[in-house]
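Pasting the structures here.
In what comes next, subunit A is part of two complexes: it sits with subunit B in the first one and with subunit C in the second one.
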Partner chain A sequence: MLLRHTTSNVKERKALTVNPAKTCQPVGAMYAALGVHGCLPHSHGSQGCCSYHRSALTRHYKEPVMAATSSFTEGSSVFGGQANLLQAIDNIFTIYEPDIIAVHSTCLSETIGDDLGQIVKKALDDGKIPEGKHVVQASTPSYVGSHVTGYANMLEAFVKYFAYNTEEKIRQVNLLSGWVEPSDMRELKRIAGLMDIKTVLLPDTSDVLDTPMTGEYKMYPKGGTTVEEIASMGNSMKTVAMGEWGAKSAAVMLDNKCKVPFSLTEVPIGLKATDRFIQELSLAGKISIPEVITEERGRLVDVITDMHQYLYGKRVALFGDPDTLIPLTEFLVDLDMKPVYIVSGTPGKVFDKRMASILSEKVPEAKYKNGPQADMFLMHQWIKEEPVDLLIGNTYGKYISRDEGIPFVRMGFPILDRIGHSYFPTVGYQGAIRILEKMLGVIMDQQDATAPEESFELVM
Partner chain B sequence: MPNKKNYINGLPDPSEFKEEMLKKYPRKVAKKRDKAMIINDPAEGQEILANVRTIPGIITQRGCTYAGCKGVVLGPTRDIINLVHGPIGCSFYAWLTRRNQTRAEKGDPNFMTYAFSTDMQDENIVFGGEEKLKNAIREAFEIFNPSSIGIFSTCPVGLIGDDVHSVAREMKAELGINIFGFSCEGYRGVSQSAGHHIANNGIFKHVVGNTDRPRTGKFQVNLLGEYNIGGDAFEIERIFEECGLTLLSTYSGNSTVESFAYSHTADLNMVMCHRSINYIAEMMEEKYGIPWIKVNFIGADATAKTLRKIADYFGDKELSEKVEVVIARESAKVKAVADLVKPKVEGKLAMMFVGGSRAHHYQELFTELGVRVVSAGYEFAHRDDYEGREVIPNIKIDADTRNIEDLSVTKDDENYRDDLVAKKAQLEESGYEFRDYKGMMPDMSKNSLVIDDVNHWETEKLIEFYKPDIFCAGIKEKYVVQKYGIPLKQLHSYDYGGPYAAFGGAINFYKEMERMLGTDIWKLVDAPWKHEPEIVGSVTYDS
Partner chain C sequence: MNSFLKDRETQIVTKGKNSAEVACEKNSLAGSVSQRACVFCGSRVVLYPIADALHVIHGPVGCASYTWDIRGALSSGPQLHRLSFTTDLKEKDVVFGGEKKLYHSLCELIDKHQPKAAFVFSTCIIGVIGDDVEAVCRQVTREKGIDVIPVMSEGFNGTKKDGYKIACDAISKLVGTDDSYTPSKYSINILGDFNLAGELWILAEYYRKLGVELVSCMTGDGRVAEIRRAHKATLNVVQCSGSMVHLAKDMKEKYGIPFMKVSYFGIEDMSDALYEVARYFKDEEMMEKARTLVRDEISKLLPALQPYRQKLEGKKAAIYVGGAFKAISLVKALRLIGMKTVVVGSQTGNTDDYKLLKELCDDGTIIVDDSNPNELSEFVKLTGANLFIGGVKERPIAHKLGLGFCDHNHERKEALAGYVGMMNFAKEVYASVTSPVWKFIK
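Then we have the complex of A and B:
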């Protein structure tokens, strides 16, 4: 057994986290910053943070992930990291020549009280930031929230820094996306294109973390939201923010700073969340929903009705981030599946409220928890108490899957052992068909592998 | 651009290229990097700048002290709960990511698949995290019933004044199991290397010598600095067993705290990765009189040499005979594969920037295949790993090194092995070398470029200049290099392959090089129409 010490005997824990269903803020800030064109993320802390975050993102995407670090030593930890950051800014603009440095803090620099804003101002005053170049900063203490919080904080910092309302309304809609894959960002743009709505998507990691092999290495690939695009977000008609955790704070910032109103919706995973997203887009763009979209929706519903028998009543355990878990749970319920165990290490009260509204009627037995000690160990203990038919989550789920013999679908961050997430979206109606394909694939593989020979089915 | 054909008569002088690389840097940076790049001349005792602070803003390969302590040294040990005291990230990133394989028998403890953290929150930073740490230890004890718990400090811990060592002492008294702490905050040193030292100290202080075990074999040995990436240690264990060597403990691949505790009953310590583990070897010699030798199981020739050296140490005829039988049989198998692969890869160019020993050890395997190493360097090594241990007395101890406790070790009269000390003296007289690490530079060709702590800018320039056929580094470099159309072999994770140690490992590595250097996939990059003139469409919608 891989997780041989896990038993069904759940004991309340107040201090110990085992097998977390979250990681820390800076990696989210790094990911968000990679979705801005010409931007080099910078980790203001000890160099291990930067190394770990780059490694995690690289393993997930199998793509170059560039970021710099302030490389704190004991001295900087005692006397403050100002000298390190000033030197770093100078070195980065000289050697690596990005358009933007996106600095995020770490638990180290936050604990010693480094004021990033003040240091960046000093860099500017000292002439360390060349003309036309930018240094954006976000406070991302690792001991608050999770990786999703860091992502949100970096997005907020970008719109705070770049977006301006110049009183010239532009007929475009801002799309602020919660943490999704490059493939999903590409899909969001495709959907907006089908609806003929001009949008600015922030961040946009497509063409950054899914770049083609050309025989040339480009430190700043062609993708990413440009400075001009982010600036123009202040003049947009409306913002559609996808995700309470990942996108809301940037939407609020845009509203406060530039008076661009926003509507908050969920990441469009599954049928109903996509329905709501399409309706929001239609409202924001003041355009009726085109037939092609309705047809995509129809294809999804067709697959659902065709394959209902394999999904009905299946008990599912899932773990990951609230912005994606909530619509995914809703989708599973729509399919007549039973999402019975749901955990997320990311805190936030909306989680309980939304889960209750999705689950209380159809899956009253569901157990869900987020925040402290809502970890994979707890979820595994629940599974030991009463098993499930399907597990959905990041790669770490494979240990539970193998021990318990549960079919497993990889969704979330990080996925370290399979490909596909970079290229095939899970958002929108098409994405929902992919989720179905993946779930059905593992469920039916399990049936094929375990069915008695006499009831081994050719047609399913 | 150098012409590869010229390399047959030796490597080109890269002086101009080095200047070109340095030109990009601000003056102070250039001055520092200049000393970290040596145009090698094995005939001269050259000095390299190593184990110094990473320059802020430079995109480095290096990680932190915590990574070296928890991730590298203690990570591969299965019967201990490694509890990370800090915000969640540090525990998350060191969770199973290093591929340390382990074989736990049914019913034996194995906590390596778990990540344990105190997940510090802002109130713990403001008001202190000691209470939460104590409670986490109690909870871990109650739920998992481990025989030992290690506490690993992350950056904020030292800054807010949490004393993990006093918490460890208190909890040890309360719970009656072995509990000890490591002050391995990420910022403590200039790289992972500081963490290795801290881990060595902790294990030595709190574990080594805790249990005396009666002898179980005629030749009792420890293998130090072998982390069982991809099953390397399994391959070495297989050979030891056949030769009749009793491996008490490996630091720390496929290891247990239980085995560290009686590892002081060995007759010989063998050091594989000198950088990460020489401290324990030195301390065990001082305290218990156990001599240590440098070994290398990367490369078939190196493995044979190492096995003979072990046999010579014991001076036992039967052992020597067994060793020769194993070498003869295994070498034949290795040669059969080498004969097939070598003609396909000979003359290709490699460069390697990794670790504290692998960039040296893996040159053996490349040499066996006739692949030339044009440039190499370590990520976190010290001068002695480049220039040899004889420079240790001349290494300037800077403030960052002084941060790390240097344990004062005294002789353990009860367990001290006077017999081994006498044996060592006798062998030394006949020219047998102990504590013998000569470093990477003497083994490299003239004019090869040795670079410490290579960074992203230099990596790009090196690729442009040398156009290597293969590049060896880690995950952060892998896809950068491959975008250039050059295959990268990860020498931390082995790209999820291996083992590459000892004879079986050499065969695996040869075959891997045959695959990587022989494939045509890189020629697929250009579309067939890349060089065709653009055709203006006449049957498109617009026309």
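Then we have the complex of A and C:
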């Protein structure tokens, strides 16, 4: 019992976080920057940060993850990191030749008061940024928010830097996505394609973190939203932003800077969230919903119909990021399951409000918490008080799953011990079928493994 | 090699071509995609295997998240080290200081888990915001009656290697605090083994067969009580020179315990490690036991390796690992299975390590310090390597280039130390280099 220390007695904790259900801003900034073509993320801080983020992303995607670092020393922590960043910009453009360097700060550079904007301006003034190349910067202090905040800040920085309204409206819709997998980004584009709507998706990590094996190593893979595409977002008809936490701030920026109106929806996970997303797309693109989409929806509803007897009343505990947890919780309720415990380390008031609206009537006993001390230790304590039938979250859930014998579906970041998330989406109607398949798979495997001989069933 | 950063030229040497020494122990250039980590990382990996101690990370959440149970250091008893505890500092704490938060966290954890000692890791911003971590530790030590040891491992304060040193100093505060134990006259401490994939257990068994008592291991499968009496051992046997030599030197100075450097990878180095210990104790019976053990093991191992050697003969390997000492053993171990090392490098090697490597390698071998993915992939192409030995960040690059891979770092799943480790190593290399998947590329 690896988590033998967990007791069922929940006590108010003032200071401590045990087994966090989040990580820090910079890794999100790095992930977002990888979704822009020809971009090298740069971590302005100590070497370790960059190394940890690259390792975390590498373990999750099993792909090379490139990023540079300002390699802070004791001197830089006293005199500021300007010299390091200037030298870094020079070195990076000379050797690694990216089109864009996306600089994000760290707790260290923030605390000593480095002003990224001013340093980048100095680099520009000193001629360290070659013609046609770009340095984008975002402030991502690790002690504010979570990895999702860093992701949002980097997205906002990209549109702030590149998007321009040149007064030529194009028949195009911007898709700003919350933190999802490359497979999900690919799926969002496929859905937009089926609806025959021209879209720009930002960021787009497909063909960056799911690249095919060719025997060659490319520092800048073919995927990623291009500079031209991001620039053109300023001329789009509308922005559909998926996610209060990950995508909203960039949408607001586009609205303020380029007067592109936006509608805020959720990451399209599950039936209703996908319905809303399709609705938004059809409104934004001024297009009616095509038959193929209706058929995909029909297939999802058909699967739910066939299997609803296995879903009814199942108690679920889930943890992860709010942008994905909210629609997932809604989906579980629609499946007649009972999402009873929900935890996210990412702060934000909307979480409580949305969860209340989804759960208060259908699952009044549900407990949910986000922000400080909303960690996996708390979730485990809740589970010990009253068990659940299913656990959904990132790989760190496996300790609880093993100790308590709970079927476990991996969703979220990071997934360090299974594959699939890079290739099979969980967004859209098809993605919802995959979620169903995974949940039913582990629930039924458990039933098969533990059923007494006489009630062991062949047909399920 | 015009595609490399000019200032890095001195850190790359081709044996036979340039006579220069490999420049090393430099800070990485700003802007390089270095594979190195930070001071905190160094301290954390060294101390983390002490399984009945509390490890609390004082800082924003990230440093705790990324080091949560990632190294696979096995414990035969308590598993407390595998949980992640952090003060999770927020903006308010950065402004007003995090001392109170740290104090409350420590009290709460110590009451709950009753650990034998506690380590408190300072991360980057702690040094900057000026929390007096040492004072908090002293206070909690006083109030709770266990050793609460500050580990001043601010990330920017040097390299990963400096982090090892800081960890050694922290351990050193425990060593010598229990005089009540008297070990046998043939007793050792193992330093610098972290019991990845259970490797320490293999080594402990070998030494037991020689009649040598293991007083403590620092830090694989480590226990606070054993570390407290480590100064009672007669000899320190140090592996992984980068991480623990500092402690060995410290113990020599304070307690007069001599130390020897060994490696447990490959037949030659493993056997030497046993012979050297027997030689030190000047006990003919022990030496005979060592000879018997080595003979038994090798007579089983060599024929078993033969089929793998046949398949791997002439294949080329690139090595890029954390410590250079390990790289040296790997070059020898690869030779034993017929493979030639064409690229070898490390994150933290020193001048002596690189001298040794240069002597050991064949002409044409590229020797490199603090490399990056671009260089490594260039070297691999240049030399036509078939296998890459490295860690987590190198694996997908090697795979993308169509090379076999062996993880000789945190993520090794099979024990690679000792004779059985050599067998595992051969199997792993063989399986990867000869995998049918390489035929399907293109």
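Here is the rule we use: the second predicted complex is superposed on the first by the 460 of 460 C-alpha atoms of A that agree within 3 Å, B and C clash if a C-alpha of one lies under 4 Å from a C-alpha of the other, contacts with A are read in each partner's own complex, and residues count from 1 in each chain.
The working rule: a contact is a pair of C-beta atoms (placed from the backbone, for glycine too) under 8 Å apart; a residue touches a chain by one contact, two chains touch by 3 or more.
This structure is a prediction, so every number in the text was calculated from the model and none was measured.
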item	value
Fit or clash - subunit C, subunit B, common subunit A	clash
First, second, both or neither for A:141, with subunit B first and subunit C second	both
Which superposed partner A:324 touches (first subunit B, second subunit C, both, neither)	neither
Subunit B and subunit C footprints on subunit A, overlapping residues	2-5, 13-20, 22-27, 42, 45-49, 51-56, 58-59, 62-74, 76-77, 84-85, 87-92, 94-96, 106-108, 111-112, 141-144, 146, 211, 213-218, 345, 372, 396
Subunit A contact footprint on subunit C (complex, rising order)	3-5, 27-41, 59-68, 79-80, 82-91, 93-94, 100-102, 104-105, 108-109, 112-113, 123-125, 127-129, 154-160, 373-374, 377, 392-393, 395-397, 399-402, 440-442
For the subunit B and subunit A complex, residues of the former touching the latter	24-26, 29, 53-67, 83, 86-97, 104, 109-111, 113-122, 124-125, 132-136, 138-140, 142-144, 154-156, 158-160, 185-191, 399-400, 403, 456-457, 460, 474-476, 478-485, 525-526
Interfacial residue positions of subunit A with respect to subunit B in the complex	2-5, 11, 13-20, 22-27, 42, 45-49, 51-56, 58-59, 62-77, 84-85, 87-92, 94-96, 106-108, 110-112, 141-144, 146-147, 211, 213-218, 345, 372-373, 377, 396, 399
Subunit A residues touching subunit C - in the complex, by the definition given at the top	2-5, 13-20, 22-27, 40, 42, 45-56, 58-59, 61-74, 76-77, 83-85, 87-92, 94-96, 106-108, 111-112, 141-144, 146, 211, 213-219, 345, 372, 396
